[in-house]
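A, B, C, D and E are the chain letters, set down in written order, and residue numbers restart from 1 in every chain.
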């Protein structure tokens, strides 16, 4: 890309990220961001958010420039009118999120869930998939959903308060020590219920510093490249920050699909500036569902999503 | 010891423990109180008057010496020795009547009798018409009268009054003195009263004790009969030469 | 009095000005409605929630369950803290045992031990109520201890001279003498428990006004958040008013000790 | 006195018993160490955190940043609530304007309006400090208003008869007469702010003891949770002790009004 | 009006507004106070004595009638009229000396002069040796003496005392009376004092005002010169027939 003069650069960049093993985490732990921002001579700050909901609050208050979150939260951001755009799909969620049921609870099929308490963090991708799973099986109003953070889920599970929970790694791993997976997000993806962690940027920021944004995406794809070249190296790199073992990191990473920039631009995902990809439609479907659930007042139009998913910076990063 | 001996104090001393040091409040007290005595105690502030009263009441144990009540050692407060403090410690959550009934009720007397007693003493203090009011709606003088009735209701062998009229204005004080005098005559009570007011002591007491300054001991006792020479209608003393001489003598004793 | 009326008018004007400023800055788009929803939005949301409920649960149930938790916890706190506090004040030995424990946990932020409560008590109502209970317990306990220590000595002495001891003394003198302080502390305690409501409903709840605000904040439904805050504010003021009314009825001698 | 010593001994015994019970039930595996970590684990964790920090930040920094937030917020609350409260009590008109606003927000759970603060002020220190500030403001303000209203009338009248008015009256009589109440309320306020600490460090923090406990509970590191709770408990008690010492120094006439 | 006329009250009435009704506290008061008067006001409780004093002090405006001070209407409290209440309203955050210095300091006098004045009056009340103590370490009588010195330090044209010795015990009261008498004689003050105690009024005042019960008005004024007939050493009155007759007359007036 073309180099900006320094006056075109912000003084500081603030990035909200999630504590999950993805491309962003690899780039961060491999100091690729550090190298990138140091070269530009601007300071940067990574801020952990425990959920997309918090990241949205930070975006709405203008406290951060970039934020990673599940696509359901990205929809909320659009629906609530936060002035952001979606510029990257970190990973498509697969086995990393799933519905765990307890050993010995006798739950073998979806129908066995009837009358059970199922815990999940509300407003998350897990919540969305779980609701669809229950709906698909026609038992949506025959179970009791509990709104719990992932740590509480593990605690309640250990105590025997709940026998089923839809959550993600690493808490999912804790549950499967004494349970099994009834269904996971990979299964549901095949049914068309696709969830992903995505990257949002403040529109004002991206229009002021398009090159910086493109560069940011380039660094992300470099992180992906490391994983694709040597998964073990990537796993080793993120394990410390996530306080898990390399093996755990490796298995968690393999539970989701990482995309190359080219794949991102493909018809299946972001598409190109000229023709929107399929993911915009997935987002629209998801939004319709969330509107039905009254999580958002009304679903934005397909056109709004087409505009919301902006592949421009991925294209720039490939120039 | 006669049959009428109520309190017998011998070589009494009381120490207060403060932090590291001991403070002797009263010392070398010998005192007997007989039935129908009206004792008034005078003495400079802090000389140990209240301490002596508290020992008799049983609130404080003697540090040295002994105190007997009708031959038995005093081991704690009980209903046989009624107490009235300077500020009426009436219970604000009880009505005037309930305050007066408290003692007899605690004693376990039957209901009818409890209410009879209360009525009697409320009549005696002329407050039967305010029996249902809470005490805080009464004036200071009325409150002290209720406190008196409350103590009397138990018909204790002795009544201990610690500056009972100290917080009242001069006029109300005179009325209260008259009331106490009347009650004492009618009921044939035995009274041990602390006061700061020489005129009050002279107007009421049959025996006047004067205490020395701290550590307090009884330095003089006067017999007094002015209480019988009070104007029956106004309650005021008919002052004369003898009275003034005695008054002067006592003031000289206290005013050091 | 005329002055009092003027002041009431001033208070009303203050709130009118607040509403006006609120109206103006939202109406003229000075701030995003995400950050401050307009009064109209908030009102509409309120009407909608009252009519249709939130998350499939009627509004009154949300409010009801929150108040139920609050009153249950406060009731438990009263029933335990009052006797324990009075005993601690009356018998120094009981105080020596209980005091330091209360003093230790009292300053702790409830959210710090909330996960411990989940681990111990599970995700049901018991951990929520316990959290509120713990918040309410300390103020009542501490007030009771100091109330007993501050009883006018004359009350006790004269009662003893009237023949009262043991139970009579405790129930007829000590307890009523402490009642004014106890009642004040109950008001404080309910207030403290109330401010802990949202923390308590963070735990595996799907109902309650506290949870409603939390859930709304996840979906950035500012107008629901505002509705929740306003409802909680008014409810809080009303609860205190109610308690104060009861207090004035029961403790008719308040201030005349 | 000897009795006091005996009671202190009883308190110590109480805590020893608590530790013993804790030791026994964990040592003999009566409960999972996830639910209650053993004293040894907790001690080891404490030593480890003191030595190596938590999440890459030294332990003293965690504690330091939390206390900094607390004292900053309390300081701000004192500086604003004391003058405003005194003025509200002194000039009825100011009271008519400010009182009802404070009364309205006071019973609100901080977590309910925390999200609003974040939307308004962002996720930085300012929203955290503001949350603690609001928690500390109300108790001081309310105490100041009532302190002024309860000043002994004779203080004011005699000062006026000595020629004092306006500023002299306010600074030389009103302010010192209210100081004892102000100080008591400051202690309350710091306590309230302290219990709000974890809430404040819930969102977008990566340091502070409150955050440490929250983070540990996310990963169910019970021993870290226990370390956090114990540290917070002791710190809370120490802060109050410190404030009380200062109070006794400054308000030497306390209780002799 | 002579040059020595300090206070001139004409047809004064004061109403208190309570909820819906008006309460007339004092009515039809005509009173002039001249330099060096020592006025003692007597009257039954609640008759409006304090109300009258508060009007003179400027704490309460008259509802009807007028009050002039040295020819000027009184519009509020100021340092020209010093006040002492029953319970010493000494400021506990100031030392004894600072309390006494308060008035002169507020007046803006130079530091040296302020401290000179304080020393003078502390000496006059015999409390120079406790000047650095906080007031709450003093006894009740000492506190009232400081309150007196604090009011005197401004050298006000008139001193208003509202039952200044009401809370003191009988002996301390006598000492205080002697002190006030001495000060009044030495400084040639003008004093307006409320009391409940007829003996006190007789022992101190040059003019004794007796007020009727509520709504209070002045029903009698007595000239008294007993204050000059007090034992210089003990402060006690040398009672005689004339004294007792006057005392009886006043008591009959008040005691209704």
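Convention: a contact is a pair of C-beta atoms (placed from the backbone, for glycine too) under 8 Å apart; a residue touches a chain by one contact, two chains touch by 3 or more.
Just so you know, these numbers come straight off a predicted model, no measurement behind them.
Visitor: Which chains contact both chain C and chain E?
Guide: Shared contacts of chain C and chain E: B, D.
Visitor: Which chain has its C-alpha centre farthest away from the C-alpha centre of chain E?
Guide: Of all chains, A has its centre farthest from that of chain E.
Visitor: CA centre of chain A versus CA centre of chain E: separation in Å?
Guide: 84
Visitor: Using the average of all C-alpha atoms in each chain as its centre, how far is it in Å between chain A and chain D?
Guide: 38
Visitor: Starting from the mean Cα coordinates of chain B and chain C, work out the distance between those two points in Å.
Guide: 48
Visitor: If a residue has to touch 2 or more other chains to count, which residues of chain A qualify?
Guide: 57, 60-61, 151, 155, 158-159
Visitor: Using the touch rule from the top of the page, what residues of chain C touch 2 or more other chains?
Guide: Touching at least two other chains: 34-35, 115, 119, 217.
Visitor: Chain E: which residues touch two or more other chains?
Guide: Within chain E, no residue contacts more than one other chain.
Visitor: Taking all chains into account, which pairs touch?
Guide: Pairwise, the chains that meet the contact rule are A-C, A-D, B-C, B-E, C-D, D-E.
Visitor: Show which residues of chain D lie in contact with chain A when the two form their complex.
Guide: Interface residues on the chain D side: 32, 34-35, 115, 118-124, 203-204, 206, 217-220.
Visitor: Looking at the complex, which residues from chain C come into contact with chain D?
Guide: By the definition above, chain C touches chain D via 3, 7-8, 10-11, 14-15, 18, 34-35, 92-93, 95-97, 99-101, 103-116, 119-120, 191, 194-199, 202, 210, 213-214, 217, 222, 225-226, 228-229, 232-234, 236-237, 239-240.
Visitor: So in the complex, the part of chain C that touches chain B is made up of which residues?
Guide: These residues of chain C touch chain B: 152, 154-155, 157-164, 168, 172-173, 176-177, 179, 252-253, 256-257.
Visitor: For chain B, which residues count as touching chain C in their complex?
Guide: It is residues 57-59, 76-79, 81-85, 87, 89, 91-93, 102-103, 106-107, 134-136, 147, 150-151, 154, 160 of chain B that touch chain C.
Visitor: How about chain A: which of its residues touch chain C in the complex?
Guide: It is residues 51, 53, 56-57, 60-61, 76-77, 80-82, 119, 122-123, 144-148, 151-152, 155-156, 158-159, 161-162, 294-296 of chain A that touch chain C.
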